[in-house]
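Two complexes come next, and they have one chain in common, chain A, joined by chain B in the first and chain C in the second.
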Partner chain A sequence: MVERLRRAPAQYWMLVLMWIRSSLAYPASFVLMLASSMLITVMDFVAIVLMFSHIESFGGFTLGEMALLYATASMTLGVADLFTGAIERVGERIRTGTLDVYLIRPVPTFLQTAADGFALRRIGRPLQAGVVLAFALSNLQLEWTPAKVVMLVLSVITGSIIFAAIFVLGAAFQFLAIDSAELANSFTYGGQTLTQYPLSVFGKEIVRAVTFVIPLAFVNYYPVLYVLGKPAPLGLPSWIGLLSPLVAGAMVALASLAWRGGLRRYRSTGS
Partner chain B sequence: MPLGPDTTSKWERRLPCVYWAIGVRSFRRFSTYRIATASGAFTNTVFGFILCGIYLTLWHERPGLGGYDVADALTFVWLQQGLLMPIGIFGATTTVELGERVRSGEIAVDLYRPTHLLLWWLSVDLGRAMFQLAVRGGAPLLVGSLVFDLKFPSNPITWLAVAVGLVLGILVSFTIRYLVALSGFWITDTRGMEQLALVLSCFFSGTILPLVVFPGWIGEFARATPWAATLQVPVDIWLGRSPDGIGSALLFQLGWLLVLLLAGQLTTSVATRKVVIQGG
Partner chain C sequence: MAVIELSNVSRAFTVTSRNGFRRTRREVRAVDGMSFTVEPGEVMGYIGPNGAGKSTTIKMLTGILVPSSGSIRVAGVDPSRNRLKLAKRIGVVFGQRTTLWWDLPLKDSFAVLQKMYDVPIARHRENLATFVELLDLGELLDVPVRQLSLGQRMRGDIAAALLHDPEIVYLDEPTIGLDVISKARLREFLAQVNAERRTTVILTTHDLDDIEALCSRVMVIDHGHQIYDGTLTGLRASQSAPRTLVVDLATSLPPIEIQGATVVKVDGPRQHLTFPTTTSAAPLLSQIAANYPLVDLSVAEPTIESVITQLYTPTHH
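After this line comes the complex of A and B, so read on.
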C-alpha cells in the first residue's frame, strides 16, 4: 500500500507527459485551444463585470471582493479539472468495455483514468483565474497577516482537493449509471458557479447544505470571508475556514471508498 | 446502377418523405439515451436554482433592470435552462459529427447520396432538437414554476409566436453550427473553430447573462448578432418583452436565417467542388 502510494506520483507524471507530448504535436492547434479555453472560462467573470455596470455591491460584496471569490472558485475547479477532470470519461470506457485494458496494466486504474487524455489546455482556467486573482489583490487594500496568507494559500490547495474528490465521486457513480457523466457537472461546474458568488445570497438553507452536506462552502467561501474580515454566516466562528483540510481529507476518504466500490462492481462487456 | 429519367423524377417527388424519415430516425436515436437525458435535465435544474439566487440578488439591487421585472428574470432562467440543449447553444452532437465526417473523409458517403447535404443534416438536427425540446425543454420550467412565480404567455397568438420563434431559433443555430462544421474543408481541425463558436454563442445568445442587461454599445451590438436570434429573441417573445413587438422579432430571426442559409448553400457548393476523396 505504502509502496504503491510512493510510486504513484511518478507513474501519474509519466502518463501525463505522454499526453502532453501528443498534444504539442500540433503547436498551432494547441495555442488556439489554450486561448479559447481561457476565453470560455473568463466569460463568467465578464458576466460579473457587466452586472457591476449596474450595481455597486452584490450581496454586500464589491467588485474587488467578488473578483477574489471568483478567482479562488475558478482556480480550485481549474486545478481539479486539470488533474482529475478526465476521469469523467470512464463512463465511455465502461460502456465499450475498454476499461479492461487499464485493469491489467501494472499501474493503478485510478491513475490511468485520471490521466486519460490529459489536456494541458485545461491550464487555461487556472491561468485566467490567476490573472483575476492578481486584479483582486491589487484592487483590495487588505491588511495582510500571516494567518490570512496561510488561510488563502491553504484554501486554494484544499479547495482543489475537494473539487477533485467530487470529480472522482461523479466518476464512481457512473459504474452504477452509465451515461450519467452530466450529473457530476451539477456539483463540479455548478459548484464553481455557486462558489463564485457570496453564498449568503442563496439563503440559509443553501448555506447549511453546502456546509454540512456537500461541503462546497469550504472550497473558498469561508476562507475568503476570513481574509476579507467578514463574519461567517449561521453564527459559525470566523476561523471555520481553517477546517477545510479536515473536510478535504473526509472527501478524499469518501471518494476513495466510492471509487473502489465502483471498480469492484465493474463487469466488462463480455466482448 | 444508372437511374433512368423516370426513376429520378420519382426520387425527387419522394424527397420530402426522405427528409421526414431521416428526422424521425434522428429523433428515435436520441430517445435511446435515457440516463444521459435524465442527468442532463437534473443538471439544468440545479443551474436554474443557482442562477435564480444570483438574479434575485441582482434584480433586488436594481429593480426593473433591463426592462425585466423579477418574474421576467426568473422565467428567463428556467426557459434558458430548458432550451440550451434543444437550440444547441454549446454545440450539438449532430453538427459535431458532421465536422468529424469532414475531417475523416466520411463526408464522401454523404455527398454520394441523392439528397442535399444541408437538408440532410438539417433533418438530422431537427430530429435531435425536437426530441430534446419535448423531453428536456419543459422539465426545468416545470420544476421552476413549482417553486417560483413564473410568467406564461396568456393568449394563443403569443403561444403560436413562441413556437415559430423557437423553430427559427433552432434553425439559425443549426446554420451557424453547419458553417462551423464545413470550415473543416479548409482548416482540417475544426475543434479550434468549434471552441471559438462556443464562446461567441454563449456570450451573444444571452446564456451567460440576459442581453437586456448588457450596457451601452455592447448591448446594442449583442442584440443585433445572429446568436441573439437563437435564445434571447424567442425568450423575449415568451415574456412579451420584444423591444419592437413580436412581428419585428420574428422578422429579425427570419432575416438572419435567410442570410445564413444562403451562406450555407454557397459554402456547400464551393466545398463540394473543392473536395478530393482519397481512394482506397
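After this line comes the complex of A and C, so read on.
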C-alpha cells in the first residue's frame, strides 16, 4: 500500500502526459476549447462584479469578501476538476466494457480513470480563481493572524480534496447506475455555484444540508467566515472551519470504499 | 506445477429484462462449476459458441471479474485479489478493443508500457526489436494508432501484450476480422513466442484454423460447462461425424443405391454420399465401381466445424 502511494504521483503524471499529447493531436480543437473555457470562467466573475454595481453588500458580504468566497470556491473545484474530474468518464467505459483495458494493467485503476482524457484546458478555472483571489486579498483590509493564514491555505487544499472525493463518489455510483454522471455533477459543478455565495442567503435548511449531509460548507464557507471574522450560522462555533481536514479525511475514506466496492461489482460486457 | 488452476468456478449475472412495465430478473450462470488446470508452456484453444462463457472465464483469470463461487489460482495468486501484482505477469489481447493510445504513434504506447510494467530498458529494447522484426512493425511505429488498419493494430496490440515478458498470454479472438495473410503471420508469430519463451497461451477463437495451427490442447465449453478437454485429434475421433464420399459419374443418374452409405446430395453427374467413420471406404468404392459408370472420386474427413457443431447439439446423435 505504501509502495503504491509512493509510486502514484509518477504514474499519474506519466498518464497525464500521454493524454495531453493525445489532445495536442487535434491542435485547433485544443485551442478553441481552452479559449471558450477561459471566456466562460471570466464571465462568471464579471457577473458578480456587475451585481455589486447595484448593491453594496450581498448576504452581509462586500465585493471584496464575495471575491474571497468566489475565489476559494472556484479554486477548489477547479483543482479537483483538473485532477479528478475526468473520472466521470468511467460511466462510458463501464457501458462499453473498455474499462477492461485499465483493469489488466499494473497501475491502479483509480489513477488511470482519474487521468482518463486529462483535459489541460481545465487549468483555466484555477488560473482565473488565482486572479480573483489576488483581487480579493488586495481589496480586503484584514488583520492577518497566523491562524487565519493557515486556515485559508488549508481550506484550499481540503476543499479541493472534498470536491475530488465527490467526483470519485459519483464515479463509483456509476458502477451501480450507468450514466448517472449528471447526479455527481449537480454536487460538484452545482456545489461550486452554491459555495461561491454566502450560504446563509439560501436559508437554514440548505445550510444544514451542506453542513451535515453533503459537507460542501466545509469546502470554503466556514473557513472563509473564520478568516473574515464573521460568526458561523446555526449557532455553530466560529472555529468550525478548522474541522475541514477531518471532513475531507472522512470523505476520502468514503470515496475510497465506494470506489473499491464499485470495482468489485464491475461486470464488464459480453465480449 | 500448474500455472492456472480453476476449481469449481462459477460466475452468475443477474439479467433484467423488461416486458412493457414488467421487469423480470433472472440469474444466468455464464460459467457453471468449471474446473481445469493448465501447465506452463501449454497452448490451449478455448472454444465455444457465442455466450458460452469464454470471455467470462478469461476475465476471471485476469482478475477483471470476481467469481461468484469457487477458487482460482493464476501464477500462484488469486487474480481478483492480487490483480495489480498479477498484471505484470500476464499479457492480454482483446480482439474487440485496443489497449493502445488511439491518437498517439504506436511507439509512444510501447514506451509508456515499458514504464508501466517496469521493464528494464535493455530488455525492452531487445523485445521491441524482436517484435518489430517478427510482426513487421517497422513502418508503423510512427503512425498514430487510429490510422492503422485492423490487422496492423492487432499486430501492435499483440506486441504490446508481450513486451513485458508475461508468463501467460490470453488472446481473446485475436484473428477476428483479419485477412488470410495477416492470420497466418500472427499464428506463426505466436507459435514462435511459445516455442522460444515457453509462454503459456490461452486462445479463445471462432476460427478453428487458429486451433489447428497452434493448439496442443482444446477445451470446448457450452452454457458455462466444459464439454471437451483434450487434443484436437482426440476431439475429431470422439465424435462420430460422418465422412463424405464425392463421386463423379459419366452421366447424370438417379441417386446411387448401395449398402453402408446414403446419398445426401445430387449435383448433375456428381453425387455426395455419407458413411460412418467406423466404415472403411474401400468396399463402398468397389460396389460403386462395379455398378455405376465411375469417373472420379474423393473422400473428405469431417471438418472440425462439423465435429464441434455436433458437440454443441448432443441431441442429434
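The rule is simple: the second predicted complex is superposed on the first by the 261 of 271 C-alpha atoms of A that agree within 3 Å, B and C clash if a C-alpha of one lies under 4 Å from a C-alpha of the other, contacts with A are read in each partner's own complex, and residues count from 1 in each chain.
Definition applied: contacts are C-beta pairs under 8 Å (C-beta built on N, C-alpha and C of every residue); 3 or more make two chains touch, one makes a residue touch a chain.
Quick caveat, the model's predicted, so the values are computed rather than measured.
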Three-chain arrangement built on chain A, chain B and chain C clash or fit: fit
Contacts of A:F202 with chain B and chain C, given as first, second, both or neither: first
First, second, both or neither for A:E182, with chain B first and chain C second: first
Touching partner for A:S37 - first (chain B), second (chain C), both, neither: first
Superposition-derived comparison: chain B or chain C, residues of chain A touched: B
C-alpha centroid angle, chain C to chain B via chain A, nearest 10°: 80
Touched partner set for A:A47, first chain B, second chain C, both or neither: first
Touched partner set for A:G59, first chain B, second chain C, both or neither: first
Nearest-approach distance, in Å, of chain C Cα atoms to those of chain B in the combined model: 12
Chain B and chain C footprints on chain A, overlapping residues: 26
List of chain A residues in touch with chain C within their complex: 4, 11, 14-15, 18, 21-23, 25-26, 97-98, 100-101, 103-108, 264, 266-268, 270-271
Contact footprint of chain B on chain A as seen in their complex: 26, 29, 32-33, 36-37, 39-40, 43-44, 46-47, 50-51, 53-59, 177-183, 185-186, 190, 193-194, 197, 201-203, 206
Complex contact set, residues of chain B against chain A: 33-36, 38-40, 42-43, 46-47, 50-51, 53-54, 56-58, 61-62, 65, 189, 191-192, 195-196, 198-199, 202-203, 208-209, 213-215, 218
Chain C - residues contacting chain A, complex: 13, 51, 55, 59, 62-66, 80, 83-85, 87-88, 90, 92, 94, 96-99, 101-104, 108, 112, 115-118, 144, 172-173
